[in-house]
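Note that the chains take the letters A, B, C, D, E and F in the order they are written out, and that residue 1 is the start of every chain.
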Amino acid sequence: MLSAIEKAGILIEALPYIKRFYGKTIVIKYGGHAMIDQGLKEAVAKDLILMRFVGINPVLVHGGGPEISSMLHRLGKQSSFVQGLRVTDRETLEVVEMVMGKINQDIVTLINRHGGKAVGLSGKDGFLVEAQKKLLNGGDDVDLGYVGEVGRINPEIIHTVTDSGYIPVISPIGAGPEGEGYNINADIVAGELAAALGADKLILLTDVEGIYRRIDDKNSLISLVRLDEIPGLIDQKVISGGMIPKVECCVKAITGGTGSAHIIDGRTPHSILLEVFTDQGIGTMVVP
Amino acid sequence: MLSAIEKAGILIEALPYIKRFYGKTIVIKYGGHAMIDQGLKEAVAKDLILMRFVGINPVLVHGGGPEISSMLHRLGKQSSFVQGLRVTDRETLEVVEMVMGKINQDIVTLINRHGGKAVGLSGKDGFLVEAQKKLLNGGDDVDLGYVGEVGRINPEIIHTVTDSGYIPVISPIGAGPEGEGYNINADIVAGELAAALGADKLILLTDVEGIYRRIDDKNSLISLVRLDEIPGLIDQKVISGGMIPKVECCVKAITGGTGSAHIIDGRTPHSILLEVFTDQGIGTMVVP
Amino acid sequence: MLSAIEKAGILIEALPYIKRFYGKTIVIKYGGHAMIDQGLKEAVAKDLILMRFVGINPVLVHGGGPEISSMLHRLGKQSSFVQGLRVTDRETLEVVEMVMGKINQDIVTLINRHGGKAVGLSGKDGFLVEAQKKLLNGGDDVDLGYVGEVGRINPEIIHTVTDSGYIPVISPIGAGPEGEGYNINADIVAGELAAALGADKLILLTDVEGIYRRIDDKNSLISLVRLDEIPGLIDQKVISGGMIPKVECCVKAITGGTGSAHIIDGRTPHSILLEVFTDQGIGTMVVP
Amino acid sequence: MLSAIEKAGILIEALPYIKRFYGKTIVIKYGGHAMIDQGLKEAVAKDLILMRFVGINPVLVHGGGPEISSMLHRLGKQSSFVQGLRVTDRETLEVVEMVMGKINQDIVTLINRHGGKAVGLSGKDGFLVEAQKKLLNGGDDVDLGYVGEVGRINPEIIHTVTDSGYIPVISPIGAGPEGEGYNINADIVAGELAAALGADKLILLTDVEGIYRRIDDKNSLISLVRLDEIPGLIDQKVISGGMIPKVECCVKAITGGTGSAHIIDGRTPHSILLEVFTDQGIGTMVVP
Amino acid sequence: MLSAIEKAGILIEALPYIKRFYGKTIVIKYGGHAMIDQGLKEAVAKDLILMRFVGINPVLVHGGGPEISSMLHRLGKQSSFVQGLRVTDRETLEVVEMVMGKINQDIVTLINRHGGKAVGLSGKDGFLVEAQKKLLNGGDDVDLGYVGEVGRINPEIIHTVTDSGYIPVISPIGAGPEGEGYNINADIVAGELAAALGADKLILLTDVEGIYRRIDDKNSLISLVRLDEIPGLIDQKVISGGMIPKVECCVKAITGGTGSAHIIDGRTPHSILLEVFTDQGIGTMVVP
Amino acid sequence: MLSAIEKAGILIEALPYIKRFYGKTIVIKYGGHAMIDQGLKEAVAKDLILMRFVGINPVLVHGGGPEISSMLHRLGKQSSFVQGLRVTDRETLEVVEMVMGKINQDIVTLINRHGGKAVGLSGKDGFLVEAQKKLLNGGDDVDLGYVGEVGRINPEIIHTVTDSGYIPVISPIGAGPEGEGYNINADIVAGELAAALGADKLILLTDVEGIYRRIDDKNSLISLVRLDEIPGLIDQKVISGGMIPKVECCVKAITGGTGSAHIIDGRTPHSILLEVFTDQGIGTMVVP
């Protein structure tokens, strides 16, 4: 049991990090286990609120999670997948949008209940995310339907709400040229937003500790990767599978001007705070 | 076919109305046929955009429409009704929230596509609408579930977005004390918002022309009702059935400081413009 | 007789133009018949007020009209003319300034009476128009007296009044280096102001429909002229006589950065609105 | 011949007055000899500019002077007078407005030439002075024509120009309900403006030293008059003739909140500065 | 040794306090042991900086400490004391001012070195503290010299520097009517400043834990005292000796509108943080 | 004895200078006799206040004067000098800082008493002057102790206080990298501040009239020196001895962008006003 004095000392330890990120923007991709476990969810909400009070502008982008599949299942809707992407017809898109909207509001509510001020947005609000249809390389004969890519970010609505003290919570639905929606990978939206906002950090909450040099060796976590090391790590299969698109989002953010990108373990409570407010940081950090 | 000169003359005719409502807030309850017919939907979007460009702050509150029942049906979910209100268990509430979110985003997109700047909000965003459980008078043994009443309006988020030029589009979901959602009648939310915002007008888009003195006589439309006439009109059954809650919303708005409340026919294209920009107005106007 | 619904439709037709000119400056040279006919005068006043309410900054420059000659005649003062310019001695200048001041105030009053907010200015107010004596080419032995050219525009006072919601009404009197006044052609002042203000449009109200390819053929109106076509049109005498200085003002404005310049027929009621708010426009448009 | 050191000492002597009037508004009625003599005119212009640079907001209201009669004479127009007021038909009014406009612009130019920033206004600009027809007491059968009284002051345009650093120069023409002009006594306009602007001082430049206790005794100048002494002084004929309306303007200003009103001798160079920046002041001061 | 996760948890525990004091002003009287021990000094500096970063406006008032006596001794200057107050002749005052200035600059430097932004002020700067000579009750024959009382606080300079992000560090020297300095008790200055600034808290750093009910019983610390209990506690000698003037400062602050006043033990590191950011608080709190 | 009218004329003579320096910054090094003589001190205070009221931003840097030596003597502390610089050990530095603080507060008080608003600052406040140890050329074996040079100026705190209407009074103590103080020559601080602030003028108050071409010939004062003439004047020994560092400060300021630098005679009352507000100026002016 800590004494109050020890606790005060720990607050003081955070001072250098508070100074460093004062007035900065940090984009967080929220997904995986941290969106399911009630304790983790509350911890994330508190981390965001604390960041806001100490002068940081957190911007949260959430994914969809298992609730989409569950709802499609309940509606008797089958999905096929191509290269890991769900083929999304109009009816599927509607379900995706509805579920995303519900998830979004649940996060907003959680933050508000703990004393923060959150506002939910999708890429359609204020034309935040202009999208276009994603075409598969070499897959001309496959139509993914309403699976999109980011065309252009119009960050004005983000500034409007953050300037008034709100935490924006963003669902990864893009607005197509005819007003149709597009389902976009949340990691990609987060990476593009980090670039467009000139964020100081991009943090991807995942269900792994970071990138391992040897996949079976928990002691081989790579703390730091420079942009120019990434092609080699992919060649060596150190970065592989589902980690490749995540790393690509980090690359996108950093080449767009973001200071650093972090792949961290969302299963650890307050992992965002740990990354931002402690010296060693956690997970794998990608830097220019 | 009108000449350009005649058209210019008509623009000039609108000038006194533009002057009168410059810088004013007008809350519009959007529902009924105007939310279904494609032509009417586009007309409403354009009306809102035009109002915004001539210096008016329109605030739109939408209802749910037939899509909620349709989705519940698809999910095999039965609803029972008490005094015209759908008993709303947690699962039903989730469907309501999801469908409301989808409707909201469709309206936002429609406005944005026609050159406006819209942002979708629910009563949960920024704690806009604090709600509490609705209790039925004399119906102690009936639990309506997540059917709510407006507790308090926190209009700050509305000001944040309108001050930056956005049109807020609001779904009538309230935030309960424990963060749970409540489905609230959209007319009621509109009336309360009009009062909280000090709106100049409340406009309810309905599927009737207004209040008739004699229900079967289309020529008996009542153009103007003073607050103090309403109890008598209810006694005489001139105001009855579904019109009673609508009139009560008007009363709520006006006693809260709104200049006038209007029950108009949303089936007429550009009925909002007609109400705001022509001398006679349309439908039934309630005044203090 | 138009129904209210048709009228609403016409308002909606103007929406794309309202969007396009929102926040833009439009300089209008006001003269000719539109300054004499009471109906046309009121139409111009209303056009300016409407533009202001929909977010446009109109700036009006007026000419002198027949009242100057009339007053000189009443005072028994003879004028001689050289190359179409009135030789202006000190006494004549005083009459010009007085009459211009009176015309200016009449326009201001007309706008204010119709619900606008106008302020009258001359080129002397806040040193708006610095002038110098006009010297005739090859006419060394002719002294035009107080006929001036624009030296420099100091637009600060225009911004001061438009930023507070006023419509500036400007008489074309310049301030000479010793404080003496100069009578300057109003077209020229309008063209220079359009350039100095970075206006989006310059509109010259005239008593002709525009430039005709064949002077006697009313069907030969030229709708669009590019800057580089103008020398050829002058060579071909398509542009000739009094049209040459008007076209030169257009050239001045456009080379100074104005988007387009328009020679339109002020005898048509609401011709300014027609030009700004309809697709085809009217008259002859000069573009870069 | 003064040394530079003695001059510096004199600047320093002004310091307490500069402090006292910093940020204050002083309304000056400009008329009489000070509007005719070239040296006095330049001295007034410099006084205004100096006041502006040391943080005072001077507001100048000018009269018409002999130029109106002169122009009416040139135009062969006869005037009749009732109770000292010129009967003003429409044609006379037009001449008054024109001459006032010319005088106004000459003052503006004089100030600008000496390095100030002046803007000319009439009571019609921005509806600054709303006027109504003046009716003579007991003179029901006499119609003074366009001789007006101040109805309401709308000082917004004054604030607009003074906030941007300009010195407003105002001609005493009021705007009637139908837009017609009214010629108003400049003293009255100055007094009403001082009240409406919450001025610190009203200064009337006249051709006398102030109020004398004994009209023939130059040593009997009254330095200070309290409001409650005025009725007695009028009874005793100490205040009589043309001084009565001037004193009434002072009373109007002071009862409207102006700190003090001053009747001073405009024939003394820099008399405004003497009044504002020296201890004894000059002329007769009226205080609450 | 705490894990990073435990540390994050402790940061989160501070969240409710951060929320509560966001944007509030807290006046701290700095003195005693905390001004002498190097570790405590640095802890205080860090506490102030942390408060500032989380949105609190700390205002520090420091005392003089032993350095004044030491310097007087070095200069061979003897002091006599009356009722515990040093009789302060002009020469003594000069030494007090010099030493106070030096202490002030050392605190400023300490804060700046740790990454804060501090500015040193005395009560003379911007006439922050107007002072008057302190007269002893019943001690007419004793002249304390330049020992002062607070006459009026002019807090403008405090707002100027805090609005720009600085932490004001204030030495308790007042400005007398003739510009002479007065040495004022720092507790009194802090209490008056708390009242003038509408502070949320006044914190007095002392060398005791707080007020004990029984002076010899360390377990009898009184955590909470209401204003109305104080006279009784003085009667009972629970509050006595040097504690009386400290309690009087608390009373002064609270009757002036300060939310609470705290007598805490400055010998505990980070005692300010403990008071502000933990639930139980420390020391003795005085409330209305 | 001057009449009021002559005095008004003298105020008017200052008008061109007031216009020219409106909104400009003037840095004044205050030292020598002007800091000792009571009459001169008050004259300087009034000059600063007058400048501030007419829209100039004066920034005062003061030196230490004889009081430092006097206090060191009283404390029995001996000083040695190297190349005219006092070797400053820690104890000496403390005395310097204390005396400088006292002098600073006396100046602040003097200005405030005469109706200005002054705030005292040292180079430590807001890290205004970052300092480093001064190393003597070729004097490796001499340690001057805490004698410093200007490293970097952080002018933010100056802008903070001048934007709120205060006159900053600055003592020439710099903040070393470890928070230690450094005593810096006040001329140097003034020159560096003038450069950092983009001042219009640097004025050095000295005890000589300026630079003489022939040291013994009082009629040989050099009014104007161009930067490129300075090396020659040093070679010719026209600039020599204590004048060299002063001229070097002027050079520093001017190469940093200051408009002109002035070495003037502080023994003349109101010499600052004479320099700023009269045509000939006084002393020696250095220009680019």
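In this text, a residue touches a chain if its C-beta (ideal position, glycine included) is under 8 Å from a C-beta of that chain, and two chains touch if they have at least 3 such contacts.
These numbers come from a predicted model, not from an experiment.
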Item checked: Graph separation of chain C and chain F (steps between touching chains) -> 2
Note to self: Keeping to the contact definition above, tell me which chains border both chain A and chain E.
What the structure shows: none
Next item on the list: Name whichever of B-C, A-B or C-D reuses the A-E interface, so over half of the contact pairs are the same residue numbers.
Entry: B-C
Next item on the list: Could you tell me the distance, in whole angstrom, between the mean C-alpha positions of chain D and chain F?
Entry: 46
Checklist line | Cα-centroid distance, chain A relative to chain F, in whole angstrom | finding: 57
Checklist line | Chain centre separation in whole Å, for chain F relative to chain E (CA means) | finding: 35
Item checked: Per-residue multi-chain contacts in chain A, two or more chains -> none
Notebook entry, point to check: Draw the chains as dots and join the ones that touch; what shape do you get: line, ring, star, complete or other?
Noted result: ring
Item checked: Complete ring sequence of chains beginning with chain A, oriented so that chain B follows -> A, B, C, D, F, E
Note to self: For the complex, give me every residue of chain B touching chain C.
What the structure shows: 2, 4-16, 18-19, 22, 43, 46-47, 49-50, 53-55, 115, 268-270, 273-274, 277-278, 280, 282
Item checked: chain B - residues contacting chain A, complex -> 74-75, 94, 97-99, 101-102, 104-105, 108-110, 112-113, 117-122, 124-127, 156-157, 160-161, 164, 166, 173, 175, 178-179, 181
